[in-house]
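Going by the order they are written in, the chains are A, B, C, D and E; count residues from 1 in each one.
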Amino acid sequence: PAPEPASSDAKVLASPVVRKRAKDLGIDLSQVKPHEDGRIRHADLDAYISYTGGFSGAAPARSD
Amino acid sequence: VREMNMIEAINSALDIMLERDDNVTLLGEDIGYFGGVFRCTAGLQEKYGKTRVFDTPISECGIIGVAVGMGAYGLRPVPEIQFADYIYPGLDQLISEAARLRYRSAAEFIAPMTVRSPFGGGIFGGQTHSQSPESIFTHVSGLKTVIPSTPYDAKGLLISCIEDNDPVIFFEPKRIYNGPFDGYYDKPAKSWKGFDAAQVPTDYYKIPLGKARTVREGEALTILAYGTMVHVVESVAREKGVDAEVLDLRTLVPLDIEAIEASVKKTGKCLIVHEATRTSGFGSELSAMVQERCFYHLEAPIERVTGFDTPYPHSLEWAYFPGPVRIGEAIDKLLEA
Amino acid sequence: EPGKQPRPDEACEPKETYPLCDDLIRVLGDDNKAHGPWDPRLDAETLRQMLREMALVRAFDNRMYRAQRQGKTSFYMKCTGEEATSVCATHALDGDDMIFPSYRQQGCLIARGYELTEMINQIYSNKADKLKGRQLPIMYCSKRLNFFSISGNLATQLPQATGFAMASASKGDSRIAATWVGEGSTAEGDFHSALTFATVYNAPVIFNVINNQWAISSFSGFAGAERATFAARAIGYGMAGLRVDGNDPLAVFAAERWAADRARANAGPTLIEHFTYRAEGHSTSDDPSAYRSAEERDEWPLGDPVMRLARHLIELGEWSDEQQEEMDAELDTKVRTAMKEAEKNGILGHGLHHPFHTMFEDVFEELPWHLEEQAEQAIRERQIKFPGDPAE
Amino acid sequence: VREMNMIEAINSALDIMLERDDNVTLLGEDIGYFGGVFRCTAGLQEKYGKTRVFDTPISECGIIGVAVGMGAYGLRPVPEIQFADYIYPGLDQLISEAARLRYRSAAEFIAPMTVRSPFGGGIFGGQTHSQSPESIFTHVSGLKTVIPSTPYDAKGLLISCIEDNDPVIFFEPKRIYNGPFDGYYDKPAKSWKGFDAAQVPTDYYKIPLGKARTVREGEALTILAYGTMVHVVESVAREKGVDAEVLDLRTLVPLDIEAIEASVKKTGKCLIVHEATRTSGFGSELSAMVQERCFYHLEAPIERVTGFDTPYPHSLEWAYFPGPVRIGEAIDKLLEA
Amino acid sequence: EPGKQPRPDEACEPKETYPLCDDLIRVLGDDNKAHGPWDPRLDAETLRQMLREMALVRAFDNRMYRAQRQGKTSFYMKCTGEEATSVCATHALDGDDMIFPSYRQQGCLIARGYELTEMINQIYSNKADKLKGRQLPIMYCSKRLNFFSISGNLATQLPQATGFAMASASKGDSRIAATWVGEGSTAEGDFHSALTFATVYNAPVIFNVINNQWAISSFSGFAGAERATFAARAIGYGMAGLRVDGNDPLAVFAAERWAADRARANAGPTLIEHFTYRAEGHSTSDDPSAYRSAEERDEWPLGDPVMRLARHLIELGEWSDEQQEEMDAELDTKVRTAMKEAEKNGILGHGLHHPFHTMFEDVFEELPWHLEEQAEQAIRERQIKFPGDPAE
């Protein structure tokens, strides 16, 4: 079943690989704005990274 | 309400069903005059007579086979297999016949039997008195698999099984017949005395099949268990002071997927515990389902804590048993992830 | 020799039957007359009825065999030469006695008047098949006619019949159970469990062992026939045993009736070996020329039971060759009519099957969530594969 | 090298092993004079005599039980169970005896038998000629489970099984005895003619147990399959033009976890396909293991495509069979995730 | 009546043995003398040897029973009263004949000279237990002594013995197989499979059915004893059958030797029912007073086999009460010495078990990766639980 949209206090939805990447990058996923279905994808992480001007060089953008 | 251990609770369920329904019939090795090697049927032959409660030849194939025929007549047989380890000679009758009968006859004939059998280790029973073969049965379409963890549940679930019109295998965790077990084999054994779950109504009541029980609520992780392991898991969680949500599955098929899904989505972490051999144990199905349904909520790999992929060794049974150390390690791993 | 076998009382000690386990109960002689104490003294009407049913089984088998060859279904099994062992045995039972058949007992159903169209619907697994296409062809089931669901797993019906008989006895009911099993299948452990339980509880059950001398390609010796008869197995359990010429309709009837009376009188179970011959291949998947000589069939040990009964009736002046011919033609028409009727409901693999959702029903009394999910999946797949076709 | 279908390849393996090792002994229903209902043993009794290749009574318990005793004597028995659906009466001898013998005797006695049995559906065999019970065997400690998918593999794996000193269950996917099957039951059946995997050396060779075969390499997702489903999966992947890596597991226990782990870590996505009933099928173990070992590489939920949790229905067998539509859907889902 | 049973030739037709299936072969009379054609005419030395071994079994059982009560192990099973059925039967076999025992055949091992310390190590599951603590106490195994691994699953040894015998015959070897099974366990399907295979292939195997009249709490009637003897099961298969007084050491020896000679001469399998009595409870987990009267034991049907043989030797002038007493004392000391020896290697649950890694060995010939992983887990757990203790 498709993941339902996250409500405000809901847990972060993300695939393990996204979680891993965020962790490696030291990013707190709850700060990342999810995709409209509530799930955080690589693209959302990329957006967050470029927004924060962080580690975009170290972590090349990926597509899902 | 009366304080009962699990044996008494099972006896009470059987007694009530024999009383309420003339078609309920008990059969098995040593269950009649003697009342069963674990005394679950004590006194019932005396009360209901030899056609309702009877000893059988030592043939598990015969026991389950005649139960199919009795069901075809209209009885509601409750065969006992003395130990789960000895169910294999009866598997063809259970799998190819009892479980398939409704389907292949388009419901003209049914096999409304409840096969009771003590299972699990921790009693120095050696490899042929300790097995936990439940996952084999969960793979058989047409069979239900039920496992209680307390006297209260044992009675209510067993009554539901007997009234159910499908064949059910009801595995009784023999390690906790006489008292709950926290996994410390080196501490004195506890009896059911004083436990809430040993307060059992003397009358008829049912616990629906397919509904899990929330043993304790928590936020940090979800632990799925059944039978003896419910108690071990609970005590480890208590001891470690972990905010674990513990679900006692009670029925493996059909599974209470809703309860599982809700809990794992809440906690984001899941530990599955069973005593059976790891490979293709029921934990693998649970893990697969949780992963399929809660994937994006998972914050750490689902962990399985199980018995090892060896026969249950007599003298090293506590090395085999998935006890507090093994469970504790897995909890730590999940919390640290 | 026909007529020479003693007939002990139905309530006798099992021991009195033991000589009969090594003998062969026969009634019809070469003179086409009935002989001896086992002559059931049936009236001509009953005899003609049995003859008709046996001939109907034969006609049905022939047509269905061809239907399989024509691709109308996947599988068929004939009982050619063994018709008496089911038809005449069933006549000796009461209508509400429970039959636990193996797969070669179409004769039991026909003797109980099952509709041919129902049988063919099942064989075609079509949309009128009351088993909803779930079972292999010929794996019939009719609760109404007290005919238990046939299993593909050999010999499992034996303990089941015993259990039914035990239940009936425990309820003080007069219904008995009768079960059929091939001689090859007696090697399964279920046979032993059944006989053990039946003796221990003195269950009112009849075990019919159909010794047609072959189990697929294996001669009956592989089930132990070279050392003892199958009837003799009874001796080991202290059970009554009879060995009967399975191609002698009168002897089959008489033996089965003896056992039924015995069971109903609470005198215990009986094992009957019906010595017969599988005149055809094991099934449509089999070619017997690979393992037995063509002459064997030609000699047709024991003779054709249909013809033996016909000749007996003729000898009695109650039948004629012309009537026989007429009947055969009539029965063949009857079968063909039923086939046409059934074909309206479809043949295997030609779309007229049961709706997909039925596939998930009756696994349990109620559909659990996981089967509901799977049913949705199956129906969706069908719509993907055949977008136009209304799946259900 | 000669072109062989899977039946011929199996026959060749048996022939070679009978020739090389006097202790190799074949037994089973109809396998002797007749050569087996699928002809896998054709000609072998004639060649090696009735003590080496023989017909048995119809008793699966007896077949496996005497094979245990023959093993104790020093023979290397290769029992055939005519259909996997009929193995249940022999399960006690297989599970409680053959699989446990080495352990319980501390290796004084072994059961070096290879139980051959055709399994799987798609041949209009109805519910008792179509089952895929492999997961039951994978749960039994002490048993190996092997399933070939091509004539070449069948021969090489079977020889390894026969030489192996542990009991092995060797399931032969009967749907592909005569030719590979792409899942389109409505297209004409193919024979093995012209397929590389049907080029089988006439001599002795082995394929090691516990090693998977990479059917095709790919980057987009990993598909795990065995037996008949390898071909269906391969053809769906080809048809859809998906860059899938397909692994043919060949041995379920012991599993080639390295190959699986490497592939899933590479692709980040995993689909598991088997024909057996879903609940507690071997797919659940695969899913659990992949999840445990590749968790942080997973980009989408592991998908299982399986048979349904019903008996195999005769007329609706193609609705039951996990064919191209079901597999295609799952692939799409994984790629879109 | 002792001495009155005819003794057919070992190579006779099975039929000639059938009267013996309903009789009871006895040699020792109330006069303590040997009578009739079944008298094996053993020399005094052999008789004393059998006496000694039976007495040793008795002494061993008594001590081990107490050891269990003292918490030195989890479980024990005595064979009191049944000593002749294992000891004397084993004497009738060749040393390289293969024994497929059930769990009450400690007498076979003792008759083959198995070291008591080895037995006790197994019972204590200690670090010297050659089965590495894996098996329940008394589930012995000795390939050296041609004693197959005991199974907890009843009756499985019967087809296995048949298979061994078939293998031996197919190799032209003279070794035969002998197997033991309780009368209650004959109800299992394996019994039937074994007898069927044995007849079909004429396997050189002896089936010893130990009818001690009880199966845990169930009287032998629940295995069918009220309708036929267990020896009579042979008749159903066309196999030779003998029924012997299992408490008569000479009769047991004679019957077993007859069957062994028969098997070795390729004249086929034999089923021997040893009619005896389980004088004690089923096991240390059992209290027989819950299901049978105390008097029954006191009457000890058939008499104590040890005393019967002792009295026979005394009657022959080859033994005396004093010698008997001396021997009993000596054997008890022997057992106690062995116990002390074994206790050095540990008792159950007191640390002196096998290293944890052994738990993962012998599941397969080679340790696969998943068991290696699990072994590491087990050893790590041990170190966590007992940080000081060297785990291995």
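The working rule: a contact is a pair of C-beta atoms (placed from the backbone, for glycine too) under 8 Å apart; a residue touches a chain by one contact, two chains touch by 3 or more.
Model, not experiment: these values are computed from the prediction.
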Starting at chain D, fewest touch steps before arriving at chain E: 1
Chain at maximum distance from chain C, centres defined as averaged CA atoms: A
Label of the chain whose CA centroid is most distant from the centroid of chain E: A
Gap in Å, rounded to a whole number, between the CA centres of chain E and chain B: 35
Inter-centroid spacing, chain E versus chain A (mean Cα positions, whole Å): 70
Chain centre separation in whole Å, for chain C relative to chain B (CA means): 40
Contacts with 2+ other chains: residues of chain D: 56-57, 59, 61-62, 85, 88-89, 92, 96, 100, 103-104, 127-128, 141-142, 253, 279, 295, 298, 300, 309-311
Interface hub residues of chain C, defined as touching at least two other chains: 132, 134-135, 139, 151-153, 187-190, 192-193, 196, 200, 222-224, 363, 370
Per-residue multi-chain contacts in chain A, two or more chains: 15-16, 19
Chain-chain contacts as defined at top: A-B, A-D, B-C, B-D, B-E, C-D, C-E, D-E
Touch list for chain C against partner chain D, complex: 74-75, 125-126, 129, 132-137, 139, 151-155, 184-185, 187-190, 215-218, 222-224, 285, 290-291, 348-349, 353-354, 356, 359-360, 363, 370-371, 374, 377-378, 381-382, 384-385
Footprint of chain A on chain D - complex, ascending: 268, 295-300, 337
Chain C partner contacts - residues on chain D that touch it in the complex: 29-30, 33-35, 37, 55-62, 85-86, 88-89, 124-129, 278-279, 308-311, 313-316, 319-320, 323, 325-326, 329
In the complex with chain E, residue positions of chain C that touch it: 14, 187-193, 196, 199-200, 221-224, 226-228, 232-239
Chain D partner contacts - residues on chain E that touch it in the complex: 98, 100, 130-132, 134-135, 139, 141-143, 148-149, 151-153, 156, 158-168, 170-171, 177, 189-190, 192-194, 196-197, 200, 362-365, 368-370
